[in-house]
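Each of the next two complexes has chain A plus one more chain, namely chain B in the first and chain C in the second.
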Partner chain A sequence: MDFNFFDKDGLSLLESLCNSFGVSGYEHETAQIIIEKITPYCDSVMVDSVGNVIALKKGKGQGNKKIMLCAHMDEVGFAIKSINEDGTLQIDGVGMVSTVLPSKRVVVGKNRIKGVISARPVHLNTDKTKACEISDLVIDVGAKDKQQAQALDLLGEGACFESEFYTFGDGLVKAKALDDRIGCAILCMLTKESFDSDIYFAFTVGEELGGVGAAAATRRINPDFCIVVEGTTASDFDGAKEQDKVCSIRNGAVCPFMDGGTLYDKDLYTCIHEYANDNGIKIQVKTKIAGGTDAAKIQRSLEGIKTAVISLPCRYIHSSSSVAAIEDMQSMYKLISGVCKKLK
Partner chain B sequence: MEQLKKLIQSLVNTMTVSGFEKTNAQKILSVCSEYAKGCFNKAYVTKSGSVVLAKCGKGQNRRVLAFDAHLDTVGFAVTELCEGGYIRVTNLGGIDVNILPASEVLVHGKKELRGVFSSIPPHLSRSDKLPEINEMFVDVGFESKEETKKYIDIGDPVSMYPHVTQLLNDRISATGLDDKICIAAVMHAMKLMESLQLENTDIYCYFSSGEERGGNGSYHIFHDINPCACVVLDVNFAKEKGSKQGEYGFLGEGCMISISSVTNPDFTDMCRKCASVNDIPSQTVVEMTATGTNADVLARTGVGIACAVVSVPLKYMHSSVECVSLEDVVSTSKLLRAVAMEYDSNPLGIPVYHKGGAELGL
Partner chain C sequence: MNTVEKILTSRPLAAHSGSLKGLLCQELSECECEIKEDALGNLYFTKKFTEGKKVMLCTHFDVPGVIVTFVDESKIYVGGLGKADVRRLAYTKVVFDGICGILVVPEDYSSSTAISDCYVETYDKSACEKVTAGDKGYFDMPVYCYSENMYSGFGVPIRACIATLYKTAKEWFLHDSAEKAKKMGIGSLTVAFLGQSSLNSRGAFVASNVIQPDEIILISPFDTKKDTCGITKDTKAVVKMLDKAFVCDKELADSVCQYFEENSVSYKKAVNYDTDPALLALSRADSTPRCCEIGLPVFSSDMIFI
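The block that comes next holds the complex of A and B.
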């Protein structure tokens, strides 16, 4: 079966995953969507003690290798730290810089109350070059005072961006949480294919907290190989120096030899690049070593796991408006599917 | 209330970026006429792009009472089409670059195109210094300058994306509520006055252009409608995190009435009395040297216009998530109705002629 991200089904799955609420530590809604999608196609599906969704699709072959595919469910977001006298909410961020926060829309807590992140009025701003810090900002849900806000039971609840999913320009998608709902979407679609090897699908929690779920999942699965399917940062801006771009959208799947946390398995890296080149699939490496993934935790698990990462280049990652190319999603999908069939 | 919300949504959806408000002045006019059908007998767009809706009576020696709210909002204009298909923009009106990274916009080129402001991801950002607006760009998703050029030209307006969010307690968050919320308040006031027959006063709603560029449109109000008195409606700062003591009102506690040296003290007093006599929630704010509204211009216009400034308290001014309370909008509308009635029966002798009058030209 040749899955195509250009078709409506692929994009609408990605849309429902991107729009779901899944801030690190609050991944339940995203997990439910995934469980619903994959259960018909897998031999077993479980939620482990930390909240990872782990599924197995048995291979058709003999003496099968165990391949683990890993995508994280969590996204950057906030937790409500305290409630102010005027009914606004003081926040703490998970995995984000404060520069993308002012003046954005959010949803808060299990009742998904709508709110906005504050922005200081430009008229009252004395130092216009200074970026604000997260402690300067609040979420405003419209509560009149502390008492009313307290009654909403929001203390300790999560909050995530609200941002529509849409396609625009020359084949691009804009959404929140493309990192890493693209990985989740690709894994979900892969459960429909058949493989010779046993494929373990690990949808992990807490990647943005440093790979909380990935370590637990790896120890449970103990795979022969692991491919982490991710979203990575593309800084292919006009005027950016070539060495600062990291990678570029429309240039294909990103398979780096290393990143901020991992030196990837050389054999697996070579295998992936060979497959891409042999089959005319666009592939690129990172030109700047930045960021880390679940791979760091996975590689160091048990006696050491052969690990590689295949990522989608995303502009403005970790913001409410990340942007990626549909053709890169397609390249990634073909590549991962092919490599899983090739690995023996 | 639902109708009022719909009006606000339609007003917010209509692009009136400062400098380009004329493009959609006619649309604003029809949105307003639709809301307060039958409450006017005059409606037109002026040469300078301001929208006028008037309720005029019959008879001689009628005075004009104007309700001024500005039509334009802060926004951007395209300054450069870049090689990578991006565009660069400059701001029209005061915008804090803090709010821009990852913000969504609408580019009004040959067709409406969505775009997002660039942002540097945490893994790559190295300083807490903000870039200037001309160092940032808007991603409209095109692969090349040639493709972008087909749809977008230098000088095209760009607006913040008109998301309207309903918060708790009938509070609403959106872009451009400065000053569209006051246009809504004026229209609602006209609706409240539908059956009211004023003896000596014509009411002119004047939605002026160019306030964010220094009150350009309001320079023409004297020529256009020659008002004796004018209530200037704008938004004012509501208390939010980091507000300085004494420089704000409170959201949800009623319209704000300014005391200032540029406004007419008798007219301002009348507004305050109308509020207290009619139990309309209101707050007083002292803004001595300038109000930061069209009133600063109007007091210096024509032969001078007696102004009062009434504001809707608003949080997060000039951002894409400006917040207001609908209760404050309604109290503003009620106050306008009360002021119109009071002014009709007692125009305060503005202007005051101690002797003669006619030979002085009015």
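The block that comes next holds the complex of A and C.
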């Protein structure tokens, strides 16, 4: 059965995952959606002590390899570290770049309190050439003073963007947290397929904080191979040199040979590219060695794990409005499904 | 050319040490030791004796190079396979599987310039067409041999450590060393060459999990520019008695010093030096090994004495 991201159901799953609240350390809501979706199709589903969701779909074959597919549930966001006298919230970024933040809508804490990130008026800026830092920004939840804000019990809570999911233009999707709810969505849909090998689906926590969940999941599973399913930066802006674009939307799934944290397994990399080329699936490599994924922790776990990554090119990644192409999602899905059937 | 000379002039790159691996496997195959390679490119040679502790001797296995990220008509854009000072590499020859070019650096290059800020110029469209993203290249810089025991050049210190460990493996594995092992309480000895060392010691994270040793001795280059312990060109080894991360085990270091004294090896003791990142990674194995680091003195211009 081929899953199709052009179908309403596929996009609907991605929408519910992207809209869920899952800042690093607060992934529970995203995990619940995933557990609900995959439980009917898996032989076992468990949540480990750090919060990873790990599911097993036993293969039909015998003596086959263990394959781990890994997607992280967490998204970039904020942690509330203190409350100011005027009732605004002081924040720390969780995997966040400050330049994309001013004036963005957010929701805070378990009660999803609405808020807005501050934007300092131009006339109050002493240094107009300096980009704002996260420490310069606060979340305004509309409290009239510190006492009223304290009553909301938000200290230590997480906050994430509030951002509408929609399709637009020529087959594009705009949402928050495409990194890595796209990976979660693809893994969820793959549980419906059947494979010869045992497939372990690891939905991990804490990738944006360095991969604490991935390390724990790998130790539990001890796979023969691992494919990390991710979102990655597409810098395909007008005027950018080809070598600086990293990757481009509508050019297919991204399977890099290396990133900032991992030199990927050469055999697995070659296997993925050969499968794509043999089956007419669009695939590209990164033109810059940058970024990092759960793969760094996975590859170095136990006695070393053969690891590769297949990513979705996303424009404006880690912002409230990530943009990606549905056709690239479809390429990723077909590629991962096919490679899992090929690996033995 | 003997094996040590072949090692000193080899071009090992992260995850691309094929020819050197082949050479070591071939040379050590007659030793009847177990040979193993893991997913990170670590290469292990293990000899089991009888009862006793598991000891691992190891060293770095690769020197910095480049990896292709993008190719246009005559330029090959690259990223660094490991960190290297671009000031030393500017306009040197780079070789990708037979395709040659020159590393072109920005006009205002400095110590903070990264390899990814540079590109390789081939002036040859047909040559560029043979190179693809992911291909690895090495810096083709000369290895100078001033006398039969004096070498210098980019990457030579790492290769000298590899050669040292190769000689050690031969010594232990080729000859009947059962008595020596028994006397030293060694039940098994592994000689490990750590893959992807130039990439934040990635191989080291895995190596001690694979072997689960009781004791680890890392052989690594020791930069004499930072020397405060009176190293001369007659100094054959530097034993780190105390490192900044407190990873080196005093008792193990003492036993290494004692061994050097009994065998008339000229050495110096070093205190309060930086900890090799690989040793930090190695020390974190589940077996909680005792660790020690022996430095091979490196003089100016990457000069080493064999």
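We take it that the second predicted complex is superposed on the first by the 339 of 344 C-alpha atoms of A that agree within 3 Å, B and C clash if a C-alpha of one lies under 4 Å from a C-alpha of the other, contacts with A are read in each partner's own complex, and residues count from 1 in each chain.
Criterion: a contact is a pair of C-beta atoms (placed from the backbone, for glycine too) under 8 Å apart; a residue touches a chain by one contact, two chains touch by 3 or more.
None of the values given here were measured: they were computed from a predicted structure.
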So, after the overlay on chain A, do chain B and chain C clash or fit? They fit
Looking at A:Gly169, would you say it contacts chain B, chain C, both, or neither? Reply first, second, both or neither. first
Of chain B and chain C, which one touches more of chain A's residues? B
Touch test for A:Lys286: chain B only (first), chain C only (second), both, or neither? second
Tell me the contact category for A:Leu302 with respect to chain B and chain C: first, second, both or neither. second
With chain A's C-alpha centre as vertex, what's the angle to chain B and chain C, nearest 10 degrees? 130
Per the contact definition in the header, classify A:Phe257: touching chain B only (first), chain C only (second), both, or neither. second
I'd like to know which partner A:Tyr269 touches here: chain B for first, chain C for second, both or neither. second
Look at the superposition and give the distance in whole angstrom between the closest pair of CA atoms, one from chain B and one from chain C. 13
Set of chain A residues, in rising order, touched by both chain B and chain C: 288
Which residues of chain C touch chain A once you look at their complex with the stated criterion? 14-15, 38-40, 42, 67, 69-70, 72, 77, 79-81, 116, 133-134, 196, 199, 202, 205-206, 209-210
How about chain A: which of its residues touch chain C in the complex? 242-243, 257-258, 262-263, 265-266, 269, 285-289, 299-307
Enumerate the contact residues on chain B facing chain A in the complex. 82-86, 94-99, 101-104, 113-125, 128-130, 137, 139-143, 147, 163, 165-169, 171, 173, 237, 239-244, 247, 252, 292, 315-321, 323
List the residues on chain A that touch chain B in their complex, please. 84, 86, 88, 95-97, 99-100, 102-105, 113-125, 128-133, 136-138, 140-144, 148, 163, 166, 168-170, 172, 174, 233, 235-239, 244, 246, 250, 260, 288, 290-291, 315-321, 323
